[in-house]
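Both complexes below contain subunit A, partnered by subunit B and then by subunit C.
Moving on, here comes the complex of A and B:
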């Protein structure tokens, strides 16, 4: 193998696949990055066996071949070089990869490419395309609700359903549920549903960044894999194992009615919730919301957002609202769950729908029907 | 206005022994474990107290200070019998009786006083009845609150009678040492003394800010008590705060198997006592004393109130495992259960507790 490429390009490629390099060495070779030549480009691949990432770097190929080298060493070395041409030459006899650039010259021990776990490819299956902004927004609003502990493995994933020209993402831990509907750029021929690890979704969100080209999704449930292809200045493929199992039937967890519906200005209510969280964190992390319909026409409806802790003290914000429909309502939330949902909705207005103090609270942005977030309350004495 | 009596039987175990065996009358009687088994004095008769003997003193020390002392192994079932006789006389006077132990109780006699009797007469009458019907001597304190009544009963022992008139509580308490006040332990008393506070009167005249700094959450409570304004009610239900069982070993025990077995045995005993008393507790405690006399308690709080042998055994055993060490030998081991269902100060019924509700009902 003998190739030349620009330091800048190689460095960027290594940074991308570096996210898939195994951090713990169950299989030591997974701490390496696989270099190979494909379509007249240098192909970089890494995998931690749950997720695999591949990207391509423009290069001039003098001699084809493939080899693996320790990812961290290579990345740090390349990052230390000036932005200039780098020559990579594999010496078949010694098995050393020679890397030279300007007056720098290094030799790195290698492991044969044949020892690297095969990077799964997904060529067939259901293909869908989605706008990168739509995808990012969906992941941001859903993935955080996935469980982080592994007692029910399916809950550590995001359920992704494709149906005609629509997709639905859903995630739930034991206490909250987030569901987002979005449009695909094409229409899929058959309905399909898979559970993708939330970690994969978060990596995808990061890689999509501010790209504008559609993201391609290829699902092969039969092989237990999903692939995302991110286009742009460079191409990245992420292949992830799917989580096996049945995702809970969450439709039945979404209340169909409410007795109180409060329309709240997001920045204002988020600020008050953050203030309350300061007091809640020293107690039992409880934030109480008391929804008070207008008592007279001249009075606006209000929400009282309060928290108290035996040791620290208490705090109460009274926030004027645009509208409360229905009766007085009282609901208490774990402060983290409340802050999480308010933070991802971030601007505009949100509707909070409640029924009783011990039935789920439902958050919906007022400007679209795309998103619904259900949070189970804390049981407290009012 | 409330009127509370604190009644405390004098040298109770010893008095029962003297009652049952007239030969012992007028002699130093030491009820407790044998000195060769590291026993301690449970009760010493007043004749023995003259030699500087007090309860909880090692019997060996007591026997050394008072060689003529007559050591008697306790007969708890007999004491319980006499205690029940006394308590039933208390209950004749009022329903509001809060027994603190076998020989001690608070009585709320507000109704009796409101019916026209004088506190002094009620107290004298009670003392006489108890002596006539049980042969035992009781010291009595009367006041408008528990604090004053309890301090009163202790002030004039044995055969004491102290009546603190309404309005005189603060004056009564003022000259007394600060450690007499409920809630002021030896450590706190030391700290207070360092600040120049010797008497309850010194304490009572401190500012509220000072109390808050010193006692935190307990500030108001202690301040009110120091000023003689004690509103704690006679708690009929809270009679029993914990049930426990402990043993001082004849020799230091390091054998882990023996210790595990003992913990289980104690746990089963406690569970049975709970069951007999219709009580369920949430906090399981393990008390240990090392060979160097270091004494400590480890405790764990269960999810639910229980009187189950299995659960108490498991909890106590887990606590023990954490303390076992090849270099440690133990001289005392005890298992206890507290935090009872009705004990609203420290627990609420589980279904009233603040908790996160689940999304799925599996």
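Moving on, here comes the complex of A and C:
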């Protein structure tokens, strides 16, 4: 193998696939990155056996071949080089990869490409295309609600359902549920649903970045895999194992009615919730929300957001509501769950729908019906 | 009121009260009869804690049909016939009081057949009066069914505890007999569910396994000690010092295979453990002391729970020696306890400590406790050491212990125990402030419980709710779980309930009710040994620990930290 490429391109490629390099390796070769030549380009691949990432770097190929080298060593060395041409030459006899650029010259021990786990490819299956902005927004609003502990594996994933021209993403960790509906750019022929690890979704979100080209999704539930192809200045493929199991039937967990519906200004209520979280932190992390209809016509309806800790003290913010429908409502949330949902909704207005203080609270942005977030309350003394 | 002789019916009831105190006493009397009848299989079935029904079925040698009615008369027994017999009682029963006493306070049905007879005999008694009798088919052996216990003594019934509590006494009793009669296959059926069985294989270890479970069994030491001079013999099992309990309930003694309660024997065992267990910790013990029959008086208490020894001192020293011998044989360095104990008074250092703690050599089962005992106790560790110079984290050892130091030396902190203490205090405080954080669950889960878990749940229902569990009965040991304590947010809610119940069931026998639930919750929520911690996490944990009122022990009484004084370390390196 003998190739030349630009330091800048190689460095960027390594940074991309570096996210898939195994950190603790049961299979040591997974700490390596696979270099190979494909379609007159240098192809970089890495896998931790759960996610595999592949990207292509423009290069001039003098001699084809493939080899694996320790990812961290290569990445750090390439990053330390000036932005110049890098020559990569594999000495078949010694098995050393020579890397030279300007005055620098290094030899790195390699492991044969045949020892690298096969990088799965997804060629067939259901293909869909989605607008990168729509995809990013869906992942941002959903993936955080997935469980982080492994005790119930399916909950560490995001359920993604494709149906005609629509997709639905849902995640739940046993105490909250986030559901987002979005449009596909094409229409799929068959309805399909898979559970994708939340980690994959977060990586995808990061890689999509500010690209404008549609993201391609290829699902093959039969093989237990999904592939995302990100286009743009460079091409990246992420292949992820799917989580096996049955995702909770969340439709039935979304309350169909409410007794109180309060519409609040997001930045204002987020600020108050953050203040309350400071006090909740030393107690049980409980933030109470007391929704109050207007007492007189001239007065606006209000929400009291409060927290207390026996040791520290307490605080209460009274925030004007835009609107309230129904009666007075009381509900208490874990501060993290409340802050998480308010933070991803970010701007505009949000409606909080409650029934009793022991039934779920439902958050919906007022500007669209795309998103529903259900948070289970905490039992507290009022 | 004039003085008069009580009518027989009344005096019988009074006498019955001495023998039959509660359902467990009925079971005890009947099981002892079965054992005396040479049974190899004994099945005990109880309903509603034994108050509704107790049934004891054996495959013993049965009672001849013509003697059944006699057996129900006071002081009627086949086990003793002369004064000489009474001086050397080899059977468990002998007073001839059990059947009459039981039949006076219940409705009793006896079914019995001698193996060589073709037909059995059935007789029914209601409140001490014979109701019906006659030939009846039945398998060989005797089955006695006692229903509506104390139905004619409402006062006694009122003093009975909940049926779960009575059932657990019976369970304890049956399992104790299973320990000392490993050749008998015991089966206990509580409300239609088999709650305990022993194999009856004759192997004491199998009986131990059935009673204490795998984990405890592996930590038990076998004792077999013959004193040729006195003819006394001590057999059974004691726990290695690594395994201990918070009270004496797990110390079971038998004298000539008769279950007895004896302060003297407990004391002898505790003496043997001197220096090996922490203060207020007690071993698990199941010992049978075999003493020539003439040297023990079992006719001392109507329920035969207490016995008298002719040579009390002899018994004491035999038991103590036997137990100590087993402990010493197990311990890799028998002299360990004493030299180290003297170390706190600044005498000879023992190089063993460092070796055993750091070499990672698989040390004896008892090892961790030796060190904790020596060092976890004052004066090794005082509040001033902890709070005055705060601990600086040095690192983590075996992903289990935090190595920390301050000006008085080095500390090893058990991360699980330390976190448990922190959580326990937090949970306990929240509960007292009625602020227990209870997090409702998105997707209500149904949880199936084992009988033991079910019992633990019923016994601690109120506490579990106070600490943040919300559940409702869903039929047949299933519950719908709606909320869990907020500290369990990261785990599987169903699993957290099961774990807490398991721990409660286990600890519940030995601790105050309230603490059990909190301790179990803390234990489940705490970080486990084997989890690697970042430095920030370790610092935070030590800070939180220092802020608790009782940082030195975890809620189960184990030490959270072990101290190695600077003086000691310097001496080890020959700097002093």
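What we mean here is this: the second predicted complex is superposed on the first by the 382 of 382 C-alpha atoms of A that agree within 3 Å, B and C clash if a C-alpha of one lies under 4 Å from a C-alpha of the other, contacts with A are read in each partner's own complex, and residues count from 1 in each chain.
Keep in mind that, in the parts below, contacts are C-beta pairs under 8 Å (C-beta built on N, C-alpha and C of every residue); 3 or more make two chains touch, one makes a residue touch a chain.
Quantities reported herein were computed from a predicted structural model and do not represent experimental measurements.
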item	value
Combined model on subunit A: subunit C and subunit B, fit or clash	clash
First (subunit B), second (subunit C), both or neither touched by A:360	both
Partner chain(s) touched by A:377 [first = subunit B, second = subunit C, both, neither]	both
First, second, both or neither for A:253, with subunit B first and subunit C second	both
Partner chain(s) touched by A:176 [first = subunit B, second = subunit C, both, neither]	both
Between subunit B and subunit C, more extensive residue contact with subunit A	C
First (subunit B), second (subunit C), both or neither touched by A:284	both
Touched partner set for A:149, first subunit B, second subunit C, both or neither	second
Against subunit C, colliding segment of subunit B, chosen among 207-215, 225-233 or 315-323	315-323
Common interface positions of subunit A, toward subunit B and toward subunit C	172-177, 248, 253, 284, 286, 310, 334, 358, 360, 374, 376-381
Residue ranges of subunit B touching subunit A (in the complex, touch as defined)	217, 352-360
Residues of subunit C defined as touching subunit A within the complex	429-430, 433-443, 468, 470, 483, 486, 489-493, 495
Contacting residues of subunit A [partner subunit C, same complex]	147-149, 151-152, 172-177, 248, 250, 253, 283-286, 310, 334, 358, 360, 374, 376-381
Subunit A residues within the subunit B interface of the complex	172-177, 248, 253, 284, 286, 310, 334, 358, 360, 374, 376-381
